[in-house]
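First the structure, which I've put down as structure tokens, then a few questions once you've had a look.
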């Protein structure tokens, strides 16, 4: 929406992961029932999104009027800083929530054993996706967001305070990222490289789905996820390679992705 | 016959910007295109200069079909243009801008290892054009530090530096004070004689300028050619006066 | 000319370093010189043509792996052969990448180059039987000008013959790039940077020039990449990771992309600063991230821009 390609969104994801780990550890220490561990996890993830405000107010707003390259470089700066900040706070070794992954048990589904937690995450992401969709289409704020994305000057001329909109949008985006990172924790471990590895996947998702389209992001994520799984089982070496090649093909044949708005 | 357009049509979705426009420009002619806003003048210029493809119709330049071949190839063939919203290279000096045009004209763009500063032909060519347009004194100024009128001149001058056979000027005097307008036009005419320009087409709103310099005037209205004749005939064409020129009498 | 004097002094200082400087600092000069070569090429693309590539580490990787493969899989050790091969392979790899990427601008260009960079990274990482995977491939000591110097202790080799060889390569690279930038070709690049639409109406074919600039920058990156190998002795996939490409852009911005020597200054400051920060605290990325943010916000013209602050425009005439 802000037309910035945010290299740091992977870093926020990582932040969410770490915060999630800490929250769960604290929760376990405080003696909370294991079945509810998802609650502090999710809340912590959301709360970490507050970092978005800091980043947006403190850094990004200085470069909205500049060339896209500079905006990109600024988000790269955030990536660098976050990588080390995470290391500073949580230490260099990976953190995990150990056994909590299987707290909810497993299910037999279509011949495969699926941890219930996975289903919970899938359900949660569907809920989130639908809520965002509702936010964008049914609320006043959503309409303002879409208008601003389409034509910033016009929106400003109509009295929209772009700074506040940008701040809110960025924070929302950040919160989603941190939440995602937190939710993923039980299945994997939190590592300081998470951010920079994720960004290339996220970038693939956005390119395939199309910049600036929510539906596109959803579809793109699905496509990338499915392709990765297929690749891993069929020809493991090709996994990410396949994704990048598809990104290149998409960028060449249809630069705006499957659902994106007309190319800049 | 230098430039010839036949039945040009341009549709933007449902909106018809040009609806069957035909015109010819012969050697030695100074043709002005006039018309109210929205008449299709910019679209016409963009099609003639290869920036836009027509939806239908053809453009022949020096007896070659050139519709949609793009500005680069058209420039090589001998057509140049200037822009309504002045286009310059902000960080290049006046001289460098003109040098670039001369380099392109001489086909030396892919010389990687020769020194530009020591290329006498390029240097002389650029300086000559700078002097023709009265920009020689400011030739080392970065283009973005020039006053608006000089930027316009530079835009036109760089087109002239290509030594084209025909040049299309999109509102060459817009955004310029009345006092400067005549100066620009005089410079233009003098320069065109010096470089052997064979024809000039301009889009222009200032009727005084139009009537003072044109051999022929083409009036556009709602995507169609309303009239295409010498200034005297245009003056007595009531339709043109009503739609384009306005009712106030135009002096001689 | 002040600039000429500064340049002469700098060259003399660099030449004298192995004689007067401590070994540690002299060894740091080696990656600096390699990166300087890379950045001279990158800035042709960035500062002179206006294209920001986030995948140039790809070509560093190509150059480095070329050298590694040649030295460890064949009996050839000649650094001349390695450098020429790196240049050729870099150019060959650049042709399809450039052909594809130059049709796009700004963010799409950045994304495409990033994708290509990561393709190479993944390829090198996953096909470990060929490339040694994340352990990399060894880059054995090359012979210089036909002289096999295997007998020398490593430090003496690196601070002696290899140092001056690198310096010569950097000098040659600088001279060539200087010519390119002052040529008619260089001028055309600048027109494309400033106003591609107008450049086209002047008969300058934008895509073609960008293509040539890209290929040249790739050759420089490959040569620089090959030079990076011997001091480390091993070449691994991280050389091609996207953050490495990001660092290249960072260095260029730091020094100043609007000046010819800016990126070289940037490489120097980056390497020394990184080294110094790491000796104090391991979190150099935090510091550097902050520096990058400050530069982008307050000093986008980089260090050279701060030093040669433009004289204000002639007093108001408009």
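First chain written, first letter: the chains are A, B and C, and each begins at residue 1.
Everything that follows uses one rule, which is that contacts are C-beta pairs under 8 Å (C-beta built on N, C-alpha and C of every residue); 3 or more make two chains touch, one makes a residue touch a chain.
Everything quoted here is computed from the prediction, not taken from an experiment.
Here the chain-to-chain distance from chain A to chain C, counted in touching steps, is 1.
In terms of Cα centroid distance from the overall Cα mean, chain C ranks first.
Of all chains, B has its CA centroid at the greatest distance from the CA centroid of chain A. Chain A and chain C have Cα centroids separated by 32 Å. Put simply, the C-alpha centre of chain A and that of chain B have 51 angstrom between them. Here the spacing of chain B and chain C, counted between their Cα centres, is 43 Å.
Residue positions of chain C with contacts to 2 or more other chains are absent. Residues 49, 70-72, 75-76, 80-81, 83, 87-92, 96-97, 99-101, 103-105, 108-117, 119, 122, 141, 145, 147-148, 155, 158-159, 162 of chain B are the ones touching chain C in the complex. The part of chain C that touches chain B in the complex is made up of residues 176, 179-180, 182-188, 190-191, 193-195, 197-206, 209, 212, 313-314, 317-318.
The residues of chain A lying in touch with chain C in their complex are 5, 7, 59, 62-63, 66-70, 72-74, 76-85, 87-88, 196, 199-200, 203-204, 207, 236-241, 244-245, 247-248, 251-252, 255, 263-264. Taken in their complex, chain C has these residues touching chain A: 52, 54, 100, 104, 106-108, 110-112, 114-116, 118-119, 122-123, 126-127, 241-243, 246, 249-250, 253, 282-286, 288-290, 292-293, 296-297, 300.
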